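All chains are identified by letter, namely A, B and C, in their written order; residue positions are counted from 1 within each chain.
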Amino acid sequence: MAGSAFTAAPAMLLVTIIYLVAVLTIPIFQPQKLIWLGAYPIMASEITGIGFLKVLLRSLWILPLVVVIGIFNPILDTETAFVYQGMVISKGWLSLVSIILRGLLSFQALIILIMNTGLINVFNSFSRLGIPSILTTQMLLTYRYIIIIAGEAIVMKRAREARGYGRSNYPIKEWARFVGLLMIRSTNRAKRIHQAMKARGFEGVLPLGSHLKWTISSWLWAIGWVAAIAFLRFYDLSRLFLQFSHRM
Amino acid sequence: MHMADALVSPPVALTAGVAAIALISIASKKVKEYGREDIVPLMGVMGAFVFAAQMINFAIPGTGSSGHIIGGILLSAILGPWAAFITLSSVLIIQCLIFADGGLLALGCNLINMAAVSCLLAYPLVFRPIAGSKMTRTRLIAASIVASVFSLEVGAVLVTLETELSGVTALSTATFLGMMTAIHLAIGLCEGIATAAILCFVDSYQPTLLYSSPSSERRGPKSGNKNFKKIIIGFGIAALIMATGFTWLASENPDGLEWSIEKITGNPELEEAVAPPTALMPDYDSTLAGIFGGLIVMSLLWGICAILFRNRKRKYFDS
Amino acid sequence: MSHHFIKFSDVSFTYPDGHRALKNISFTVTHGEKVALLGLNGSGKSTLLLQTNGLLMPSAGEVNIGDVPLSRQTLKIIRRSVGMVFQNPDDMLFMPTIFDDVAFGPRNMGLPENEVKRRTESALEEVGLSDVAGKAAFQLSGGQRRSAAIAAVLSMEPDILVLDEPSANLDPLARRNLINLLKSFSHTVIIATHDFSLAKELCPRAILLSDGELKADGATSEIIKSFRY
């Protein structure tokens, strides 16, 4: 459970960061490179046993957001990129495809990282890179309690709507009472959490596990993937494919 | 005020990122030294609270619309400036990574514009002086409003500066600046009133919550002049980094990453594979071939991998 | 720690706002005993529980856990001996996965990672949650979260278990699982509860609190029979 036998947390983290940089810096009008870079999520998810299907499905959650960001591009940017069999493809469409692919691929890389390594090991690796443990602890706890506190907010909202006239926003005094109450409940919860932590030996800093080593397999993983990603990022395999298809 | 990736060029992003990292390191040390005993779970829970609070809108009278709170001044009034800065930063980071709300490139800028300005600048320089050491209700309200307006205006100026330096916008600087400051004045007022309303509510029900409040005696000037000076120094360092960074790239090509790599490696092959954004049309026939070819190959790859590694039903983290 | 007993000697506790929550409480729970702590809300049950591991310190009187008197210096040792399961499991499960939650205690103790792993896996197996260890708390049902909270305490291998309303909000099946689980423990156990039938089934002895005072201490069925509101 504490990191896979195959890829220790630091290696996985390093590869993920480099992959994200590679994906996010691809020039916007070259979406074909992004598809080739899809090799990493596909292979990594299969090798680590998660399965690409699962990762792909979960990554679809980001589609609405990405589409919203890019949806205007085909409309605004109608400069022609090229013509294919009578159809004019504009730059706007290319950038839309790029944005969607970027979103999907980077999200998939993050999913694989977290599912394989576990969030807490990811944060421990960050700590080893010098990122202060207070920040990583902070994000851990916030991430954990968002659901609970948001859940409380929804319950309070429903209770209020049952007695009220179903508005979607509130006059400022009422809003302040609502949110203020939520805050007081949150701080009371924090007090109880702190008690539970102390009862199990907490002394101010969250222990994040102490077992992250660089093994030979993790070195191989890191070096291999960094090389592959760099190659795919800078060399356009599409040309190869083009020549290949011309010859056929 | 969330900046999208499209507005920020890599060099600007890098500079802001470095400044943000510096501030976070300083803040972490401060929280470890001066933080209360339960600061860790409190920060975590307050971060989650900010998410929830941002989901609940208040009505803006006169207009038909609604708004939500950002929470920098509010958090500072509860947790103190350094802890509030880390909390708000973590919220922004989570929004960026998991909700894709504002891009990864723009993260550094967003951290500075929203978290650092409100917690590390507006709170100590504006809120605290107005609130004074013997805080009354009136002072609390005034401090909230003025500090919020201040932080949003400064943020607006910074956004303008950053987009200008990124060379992205076609608007003239003066127009853009004018628009931004006007809009953020209104936003700042709303934020200030909302903050004041919550702080007053909390003060009536649980005054000990506030870092220092009208209705209770708190730990008082432990957060006094010593912290103040160090905050200024910390911010000064960040400003210095940003200033040097920005001057360096004021004359640079906006798409600095490709350009820098070319210069460093001097590799002609790289130049070929790299498409400068202002050049007219790299050969696009490989684009379509690449897309279709790529999809085919990737599907094959998936199939092969799925078969090869079929037996790897390993345990993984499922959240 | 030679004997796993709990001894309260004339313990009183007053909250900072002046509320006297415990008045001259004295009792002893011996090795392996299972005791129910009964009383209405506000009677001081929770306050009493919080004294057992030093989350609250008595204003007067003394608490002894085994041979160790409760004091600021002995907090660390005592908290390894006394495992407290809080009323709301969500307050105890604050890590990204159940595994991390159960490993939290042993990690805080500074144990080497393979020992942490061993204890965690054995605790999870004892409560029957081995196959959901990689999941986050919000993905579990109420009963599973209750079990996870118990596992989080078991991994520290305490001698004494203290539980606050363990059967609250559990459906009948989860409740039955909980009772079976608690029955299998050989620890010394104190359970604060409103669930009379659970108290009767698990605990031969009960202590009744009312208004901060110890009103009765004896056979559970007797005390419940004569319980007056």
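Here, a contact is a pair of C-beta atoms (placed from the backbone, for glycine too) under 8 Å apart; a residue touches a chain by one contact, two chains touch by 3 or more.
Predicted model only: the values in this text are computed from it and were never measured.
Between chain A and chain B, the least number of touch steps comes to 1. Ranked by the number of C-beta pairs in contact, the top chain pair here is A-B. Ranked by how far their CA centres sit from the centre of chain A, the chains are topped by C. Between the Cα centres of chain A and chain B there is a gap of 17 Å. Averaged Cα coordinates give chain B a centre that lies 43 Å from the centre of chain C. Per-chain Cα centroids separate chain A from chain C by 39 Å.
In chain C, the positions touching at least two other chains are 94, 96-97, 133-134, 136, 138. Listed for chain B are residues 41, 44, 315-319, each touching two or more other chains. The multi-chain contact residues of chain A, meaning those touching 2 or more other chains, are 1, 118-119, 140-141, 143-145, 148, 189, 193, 197. Against chain A, the residues of chain B that register as touching in their complex are 4-5, 10, 24-25, 28-29, 31-32, 37-38, 40-49, 51-53, 55-59, 61, 66, 69, 78, 86-87, 89-91, 93-94, 97-101, 103-105, 193-194, 197-198, 200-202, 205-206, 209, 255, 257-258, 270, 273-275, 277, 281-282, 284-291, 293-295, 297-298, 301-302, 305-306, 308-309, 312-319. Residues of chain C that touch chain A in their complex: 50, 53, 55, 76, 79-80, 82-84, 86, 88, 90-92, 94-97, 99-100, 103-105, 107-109, 112-113, 116-117, 133-134, 136-138, 152-153, 156. The part of chain A that touches chain C in the complex is made up of residues 1-2, 118-120, 140-141, 143-145, 147-148, 189, 192-193, 195-203, 207-211.
For chain A in complex with chain B, the touching residues are 1, 4, 20, 24-25, 27-33, 35-36, 38-39, 42-43, 46-52, 62, 65-66, 69, 81-82, 84, 89, 94, 97, 103, 106-107, 110, 114-119, 131-135, 137-146, 148-150, 152-153, 157, 167-173, 175-184, 186-187, 189-191, 193-194, 197, 204-206, 234-239, 241-242, 244-245.
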